[in-house]
């Protein structure tokens, strides 16, 4: 049983991993055929991974309703929202437009999903201003450098800021857009590249660990 | 969809938008409803996209056409779902290992080439064209190289950082700070853009054509807060609690 | 639709016929024009098949207006198909994008990679094709080569990617070395500044008699930052138990919560205070990003904890959490590997572990061999980069100054990804 | 004085929220009329790369953003597709984010008609696919292995717009507009691996992170955030939501700077006076 439960999955990850890895260095027909088969299969397998999120969302809200926990009534709206998308989709075969006319699916997307999803993240704009006021502390030389870079970018990205810069620092004959260009293409590149290289090696190591079965947390517990 | 539907849509969208924004003032049932709708609607949208773009054309239709090859990935895919059934949850390993092995196999060489070799090459390549570079460009290339080395040194954990070593890694921090500052500045812009997008929609829903949806719903929300504000005293600390 | 496609077919046939005719007339003209000597065709090396490599010497007599035309045909004697046309200055031996260990091309020859996939779609592996090249000037054929044959097939190794493979082998060797060493005798990791603040924060919480909040973020157990966070949590809760302070850990992911429960329980045992451990130190809040942030914010605002730890994977909620912590006056220690959230932590928190520092902190505190060895390989990678950048700059600058062109090419090729 | 300042500093943050709402909403109703003037190098490069392609070249657009980043990215996508249509390029659209299928539909509702473009002949839209890296890898050997049909269920291979296109070799470039890390995938799994020119369009948040790829030329150009959208719109001379958006952001940006400075000055005063 241990063989089926543990060793075969580890064998799958090893074989698929090594073959896929090798396909980078082996260009011939067999390698291409292997990759093509895998690509098509991975596409389908991943499509089922979506069900994981769906089921766990449904399950957790079903539990809330069943146990009548605080605010269980709101959980009903999760199902309402779901049906508001799926029912129109079934009615129209997944089409948002038919003969230049928006279908009920297109309507649901535009007026429900679009409004909700976009607003959820737009709310953050308010928090960023209050953070700027209440917790942006220039408490060290490092924070000061951070502040200066942020200041220049916030100012220089809008035309009004450019006008202000030109009227105060116009004598330098350096536009704020040039300063931004420099920040983004010189020191920021150095900073990001330094972070990136370490992370990239970390990711390579993690991937190797996965292929060789050393890292298997994603497999869940025995 | 006809004209009345579009107006109804404008009302619905304006309402949901304002409900979500109302959270900024205080948590309230309207926000909670909109928030839960969001969770469900997002899943619903994804579900129908998967259904009509992948499950139907890539699994169901081939099966109907007796192309039995798709059974293998479909079974592997379905095995993922067994995760929720403790007794047979080990079956899901077959699907996961299949996904992870492929992903890891692709990632290793690509990571080495894109984020490692190419980055070294990018840092040193400018120096092969020294003759045609302006002094400022040479300075910039040197600065990038210096910055990269210092930042890497800051993240180098195998030697103790003291003395001159510490100085090098300190220089690295400043490069990081410039990068973070740029990120901060750009984030401000990004978040405002999103808010602008919502406000722009709200402005368009406030027109006569949509029967002033924005104004009316906004007024109703304000009224709601006034009424509830008088009837129940907010608990201590609640205003901080968003 | 049907009409259109049949029209296409007719057009195709017609043009094929024309080509055939052109082939014939070319043959007739062959006697009249001088030959391009030294024309050779071979399979394009290191590829997946479907391409051939054609080489012939550069003709000193070519002018700016000279144009080369490449033809191919299947070996059964069918007509010539025009593959490509390019000016005589293009496609010299230097133009083939292969590194020095896989290709030796000079500017004195033409080297052209003929992509045949679209011209001979039915051609199987190893099909023999015939090629020829003709030069012309203002539409008049000035020279033509004799046909050469080559079998086009896929190859077994991308020799041009040898540098990548060697690097991979090197990384693997170092990785396995580090794993075995970490298990046996441990590896050195330097002290990390932010970690000293942990004691200070916990001490303060004890003095004030207020709780400590440890927020592990919204990552799942598979992200490295969450794993590192779990190890740091172990150390923090051990100290909390020793000082007899009080910790609260709100959770986003149920699986992370089960792991964290084990970790905290273990720490309380190790600190000799199993009696103080309670199951509800770890509690589940919400699996929705914003509800999670809002609820945690509410708790922090109400309870005004003495210290807040934000360690792990954070997205937009970093902003909300760090702000409320800062305004409530807590000592805040944060750490994440999500770069674009770091500015918010950095400005609002007292100490911030940046990116890999978080992993290092986890490894430093736990001495976990797996974390240690990964960190060592990362360090090794960084060392390679630092050395190659410094050496590379010096050598390249020197090479350019002294005009050692092939030397600079060698260095550039070494780091180029093909 | 000190107490007053302290009180002012601890102001209920909902006042700040209100201030932002006003500062951002008013310019929408009454535009300031300060349009974007500068063009950044990366946007210019992106524009130039597309601009120099000969008519009839095949460009693959990967539009991977959902409504949550729509205000920044939809204007970029519209401007870039307008540009492609103007230059008579062949356009194919793919996506790996399910939420973007609805937004893609909205773009192609009216845009093609303005340039007299026909679905299937001048452009094609392909359905959502899961596992982006697998699909990207597949397109290197056979596009139709994964996209056998277009969004309307027509046979992809026989569409006139797809004539002669089978792998990346037949594509002039890839344009990826995304609010996720999809662009990293395009660079690593396609651009570098199969030598395809990649141009990106990203949110302002992730824009600074792509500096290294731009410096090495792994990315041929980058459109960043709403500013990038405004820049591209002015380059194709079709002002849209990006242009009007930048105008509206003017005051809000200054508000943030004002707030950071105010609070830090207050703190200095409280501490040292």
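Residue numbering begins at 1 within each chain, and the chains themselves are lettered A, B, C and D in the order written.
The working rule: contacts are C-beta pairs under 8 Å (C-beta built on N, C-alpha and C of every residue); 3 or more make two chains touch, one makes a residue touch a chain.
Since the model is a prediction, treat every value here as computed from it, not as a measurement.
Set against the C-alpha centre of subunit B, every other chain centre is closer than that of C.
Two chain pairs, C-D and A-D, are weighed by contacting C-beta pairs, with A-D ahead.
A separation of 22 Å divides the Cα centre of subunit C from that of subunit D.
A separation of 17 Å divides the Cα centre of subunit A from that of subunit C.
With centres defined as mean CA coordinates, subunit B is found 4 Å away from subunit A.
Touching of two or more other chains is recorded for residues 23-24, 35, 39, 42, 45-46, 49-50, 52-54, 99, 102-103, 106, 108-116, 118-119, 121-123, 125, 144-145, 148, 152, 155, 176-177, 179-184, 186-189, 192, 194-195, 197-198 of subunit B. Each of residues 17, 20-21, 24, 68-71, 99, 101-102, 129-131, 134, 137, 141, 192-193, 204-205, 207-209, 212, 215, 225, 227, 249, 252-253, 256 in subunit D touches at least two other chains. For subunit C, residues that reach two or more other chains under the stated contact definition are 48, 161, 164, 171, 290, 327, 339-340, 343-344, 346-347, 355-356, 378, 381-382, 385, 417. Interchain contacts join each chain to each other chain, per the touch definition above. Residues of subunit A touching subunit B in their complex: 4-6, 8-10, 12-21, 23-25, 38, 40-57, 59, 61, 71, 74-86, 89-90, 93-94, 101-126, 128, 132, 142-143, 145-154, 157, 182-201, 203-204, 206-208, 210-211, 218-220. On the subunit A side of its complex with subunit D, the touching residues are 24, 32, 35-36, 38-40, 42-47, 49-50, 96-97, 106, 109-110, 113-115, 117-118, 120-121, 125-126, 128-130, 132-134, 136-138, 147, 151, 154-155, 157-164, 175, 177, 180-181, 184-185, 188-189, 192-193, 196. Chain contact summary for the complex, subunit C toward subunit D: residues 4-5, 48, 97, 115, 117-118, 327, 339-340, 417. Residues 161, 163-164, 167-168, 171, 187-192, 288, 290-291, 294, 297-298, 301-302, 324, 327-328, 339-340, 342-344, 346-347, 354-357, 360, 364, 375-376, 378-379, 381-383, 385-386, 388-390, 392-393, 396-397, 399-401, 408, 411-412, 415-417 of subunit C are the ones touching subunit B in the complex.
Residue ranges of subunit A in contact with subunit C, taken from their complex: 24-29, 31-32, 56-57, 60, 120-121, 123-124, 127-128, 130-131, 134-137, 142-143, 146-147, 150, 192, 195, 197-202, 204-206, 208-209, 214-215, 217-218.
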